[in-house]
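In the two assemblies presented below, chain A is common to both, partnered first by chain B and then by chain C.
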Partner chain A sequence: MEYEFHWNIVFQKMPELLSGAFVTLHVSVLAMLLGIVIAILLAIAKMNNSKPFCYVATVWVEIARNTPALFQIYMAYFGLGAFGIHLSPYVAVLSALVFINAGYLTETFRGGFQSIPSTQYSASKSLGMTSIQTYRYIILPQMLRRIYHPMTNQFVWSILMSSLGILVGMSELSGTTQRLQSLSFRTLEFFIVAAVMYFIITKLVLFGASLLSRRLFKGEI
Partner chain B sequence: MNSLFTPLSWDDTGYILTGVWNTITISVVAIVAGTLLGMIVGFARAESNKTVNFLFGSVLDILRSVPLIIQLILFSTFVGAIGHPMNPFVAGSIVLSLYTMAFMSEVFRGGFESVSKSMQTAARSLGMTYWQTIYHIRFPIGLRAVLPSWMGVALSVIKDSALVSVIGYMELLRTSEQLISRTQQPLEILIGVGLFYFIISYPLSHYGRYLERKMAI
Partner chain C sequence: MISVQNVHKSFGDLEVLKGVSLDVPNGEVLSVIGGSGSGKSTLLYCINAIETINSGKILVDDVDVHSKDTNKDKLRQKLGMVFQHFNAFPHMTVLENAALAPRIVKKMSKEEAIEIAKKELEHVGLGDKFDVYPTRMSGGQQQRLAIARALAMKPDFMLLDEVTSALDPELVGEVLDTLRLLADEGMTMICVTHEMGFARDVSDRVAYFHQGVIAEIGEAKQVITEPQNPLTQKFLSKVR
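On to the complex of A and B.
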C-alpha cells in the first residue's frame, strides 16, 4: 500500500468536525421531537373515524415509509422550489427527517396503543378511575414501555440519515467532513474520523437510552 | 435566443429507464448477496458461543452504526488509494451487500433461535444427523418465521440503494438529479421518481404486514 496517512490536518480541524457533530445531533434531536409531536396527532387521526383526517394521516404514513430518505430530502430541497419555497439545507434536511420520523412513529404509536387490551379500560373504569387517571396510570406507562425501543431505533436512524445532508451542502458532520476533505485532499483520513464519530454518537445515544429506560421502567422491560 | 435549459421530453425516457434498471440491478444484487451472507452469519451466530458471538456482533455493529453514505465514500476512496479503483457498480454492490448482511444476519439469527431446542432434540432422537436436523427442521421452520422481517429489510435496501449515487453510480435518483439540473423542472421529475419507489415498495410492505399478521395468529 502506497497511501500515506496524514492525521495532523484532521486533528487540526477537530473543532470544526466537532461542531459538525453537534449540528448532526441537534438536527436529529429536533427532528425526533417534532416527529413525535406530529406522530401523536397522526396516530390519533388514523384511529379516528372522521374520514378526511384519517385519509391525510394514511397518505402521510405511506409516503414516508415507502420512499427513500434521499428522495424526501431532494423533494424538500429542490422540489419545493417549484412553489417558490427555497429552504436552506438545514431546514430541508430537518423537514425531510421530521416527515419520515412522523410517518414511522405513527405506526409505532398506533401499534403500541392498540396492543393494550380494551378490558383494561373497563377494569380501571370499574375501579372508579376517571379517564385521565386511566391514561395517566394504566395506559400510557404500558404504552411507553412498548414503544420505547422502536423510538430509540428511530432516533439512531435519524442520526445516521442526517448524514444525507452531505448531498445538499448542509454543514453537519458528514457535510463538514466533505468540505474539509475537499480543501485538504485527505479524503480517507477525514471520513475515517467521521465514521468513528458517528459510531461513538450512536453508541452514546444507545447507552443513554438504556440508562434512561432502567430509570424509567425500573428494570422491567 | 435559446434558453440554457431544455425542458423534459420523451427523448429522456431511455435515460430514465437506465436509472430505473440500475436501481433494480444493484438492489437485487445486494438483496441476494446480503441474504445469503446474512443467512450464513446468522446461522453461525445462533450456533456459536458467547465470545465468538461478541466478536461477530461488534463487527456487524460497525456496519450498522456508521451511515451508509460514509461507508460508500470510505470504501470507494480506500480501494482507489490502494491502487485498485473499482467501478461504482462493483464498489456500490459490495458495500450495499455487506450493509444488507449486517441487518439480515440479525433477522436470520432471530429466526434460527426461534426454533426451540426441544424440537432439535426430538429430531436428533429420531435418528437425524446434525445436518439433517438443520436441513429438515431448523432451516424450514426458522426461515418461515423471518419472512416478514426479511421483506422489511429487503424493502429498506431498495430505498437505501439510492445512496449509491454518491459514488457515481447512475441509479434512478442520480439520473433524475441530472435531469433536474438540465431541465430545471424538479417537481415533475421528483414526483415521478417518488412514484417509482412507492409502486415497488407499497404493495410489498403491505404484503409483509399481512404475512406478519397471518403468522402471529
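On to the complex of A and C.
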C-alpha cells in the first residue's frame, strides 16, 4: 500500500510551527551572542600567561569540542536536575548551546588573532599609532574578516543543533513538530515541512550574512 | 640629527649590537651594508624604539629615544620607516593606507589627510592607484605605497630596512628611483641595503656592519670602491 499524504492538517497547524521556528531562531541568536562574549574572554584567557585562567579556558574548550551536543543538553537538563538545579527546557538548551559555541569560537578567535602577522603591528607603530589605534584600525578589522565565515557557520550549526531541544521537551521547531505529529499521526508531513523550514531559516541567515559582509568588508583579503 | 652612542642589544644570549656609535646629521643619506645577522636591521628597530636596547643611548634631535619619559608614539612621527615586506594594510585602499595615520595620529581633518596622502602618492608615482587595494598591486608598487604612507606623516628622517630585498629584480629599479628622488630633496635617510650601486651613487656615507660592530664607515664611493678594512673587502668581493 502506498503512503497517502495529507497536508491539510499541517497547514492548519502552521501558526504553531511558525511560533516554534521563532523560538528556534530566538534561542540560536541568544546562544550565539552570549557565546561570542564568552569566547572573547576565553580566547584572551588562553593567550594570557596567567595559569588558572588559561587552564579553565583550555578545559572548557576541550570538553565543548570533544563531546556530543546531545550530552551537553542532557547534562544541563537532567544532570543539573539531579543536583536540585532545575532549568527550564529553554534555559537548558540555551546553556548547552552557549557552552559549545563559546568553546568553538574561542579557537576561531584565537586563530584569527594569531593569523595577523606581527609586521602589521610594527608598521602601525612606526606610523606613531598607539596600541589602541593599532587594534581599532588595523588588527581588529582584519581579524573580523578572517573569523566572519567561521562565525556564520557556527551560527548555522547552532540553529540546527537547537533541534536537540526535542529531547528535553522544548517547544522550538522540532519539539513543536514532534508534539503535533504525535497528535495527528501525520509524521512524515510534519517533519518534511519542519525540514523545509530549517532549510529556509539557514538559507536566509546565510544570505543576510553575505549581504552584511559585502557592506562591512570592501577590501580584499 | 640621529646620534647612536655605544649601543648594545641582545636577544637572549645572542648579542646583536656590540657597541655601535654613529651620527647622522640632517640631510645625510647613510647606507648600512653587511651580511645577514650583522645587526644592521636591528639598529633601525632600536632607533625608532620598536626594539629596546640593553645599554648605550640613541638621540633623535636630542631626545633620548629609550628614556622612560619619552613618548614613543610621538617620537615615531618624526621617523618614517619602510620595511622589507611592504606591510601595506590589506583591508584599506591605497589612499586610505596613506591617509590613515595623518588623520588619526596627527588629528588632521579628513580632507587635509586625503590631500596630503594624494600628494605623497603622486610623489612616488601612484597617482592612478588611489582606489586600488594593495594586494592587487606589484611588490614595487606596494613598496612605493609604504614609502608614501611614511612620507604622509612628514617625517624628519626615513629609516629603510632592505626595502628592495623582497622584490623581483625588475621591480627594484622603480623603488630605488623613488629613494633617489627623496635623497635629492634632502631627506635624511638611513638605508639598510644590499644594493651596492645604490649605496655608492646615492648615499653620502656607507657603514659596513660586521658581527654587531661597525667595521668601516666613510665616504660612500671610497668604502664601496676602495674599502680599507679587509673584512669590508672580503664582503664586497662576495656580493659583487
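Note that in this section the second predicted complex is superposed on the first by the 217 of 221 C-alpha atoms of A that agree within 3 Å, B and C clash if a C-alpha of one lies under 4 Å from a C-alpha of the other, contacts with A are read in each partner's own complex, and residues count from 1 in each chain.
By definition in this document, a residue touches a chain if its C-beta (ideal position, glycine included) is under 8 Å from a C-beta of that chain, and two chains touch if they have at least 3 such contacts.
Fair warning: this is a prediction, and the values are worked out from it, not measured in the lab.
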Item to complete: Specify the outcome, clash or fit, for chain B and chain C once both structures are aligned onto chain A.
Response: fit
Worksheet item: Among the partners chain B and chain C, which is in contact with a greater number of residues of chain A?
Response: B
Discussion item. Once chain A of both complexes is superposed, is A:50 in touch with chain B (first), chain C (second), both, or neither?
Written reply: neither
Worksheet item: After lining up the shared chain so the two structures overlap, which partner does A:118 touch, if you call chain B first and chain C second: first, second, both or neither?
Response: neither
Worksheet item: So, does A:217 touch the first partner chain B, the second partner chain C, both, or neither?
Response: second
Response to the item:
Rounded in steps of 10, the angle in degrees at the Cα centre of chain A between chain B and chain C is 100
Item to complete: Could you say whether A:127 touches chain B, chain C, both of them, or neither, answering first, second, both or neither?
Response: second
Discussion item. If we overlay the two complexes on their shared chain A, which of chain B and chain C does A:141 touch? Say first, second, both or neither.
Written reply: second
Discussion item. With both complexes superposed on chain A, which partner does A:192 reach: first (chain B), second (chain C), both or neither?
Written reply: first
Discussion item. Minimum CA distance, chain B versus chain C, superposed model, integer angstrom?
Written reply: 19
Worksheet item: Which residues of chain A are in contact with chain B in one complex and with chain C in the other?
Response: none
Item to complete: Could you pull out which chain A residues touch chain B in their complex?
Response: 1-3, 62-63, 65-71, 74-75, 78-79, 81-83, 156, 160-161, 163-164, 166-167, 174, 187-188, 191-192, 194-195, 198-199, 202-203
Worksheet item: Residues of chain A touching chain C in their complex?
Response: 119-120, 122-123, 125-130, 133, 137-138, 141-142, 145, 217, 219-221
Item to complete: Over in the complex, which chain C residues touch chain A? Could you list them?
Response: 45, 48, 50, 73-77, 79-81, 83, 85, 87, 89-93, 100-101, 104-106, 133, 135-136, 146, 149-150, 153
Worksheet entry | Sites on chain B touched by chain A in the complex | 62, 65-71, 73-74, 77-78, 81-83, 155, 159-160, 162-163, 165-166, 173, 176-177, 180, 185-187, 190-191, 193-194, 197-198, 201-202, 205
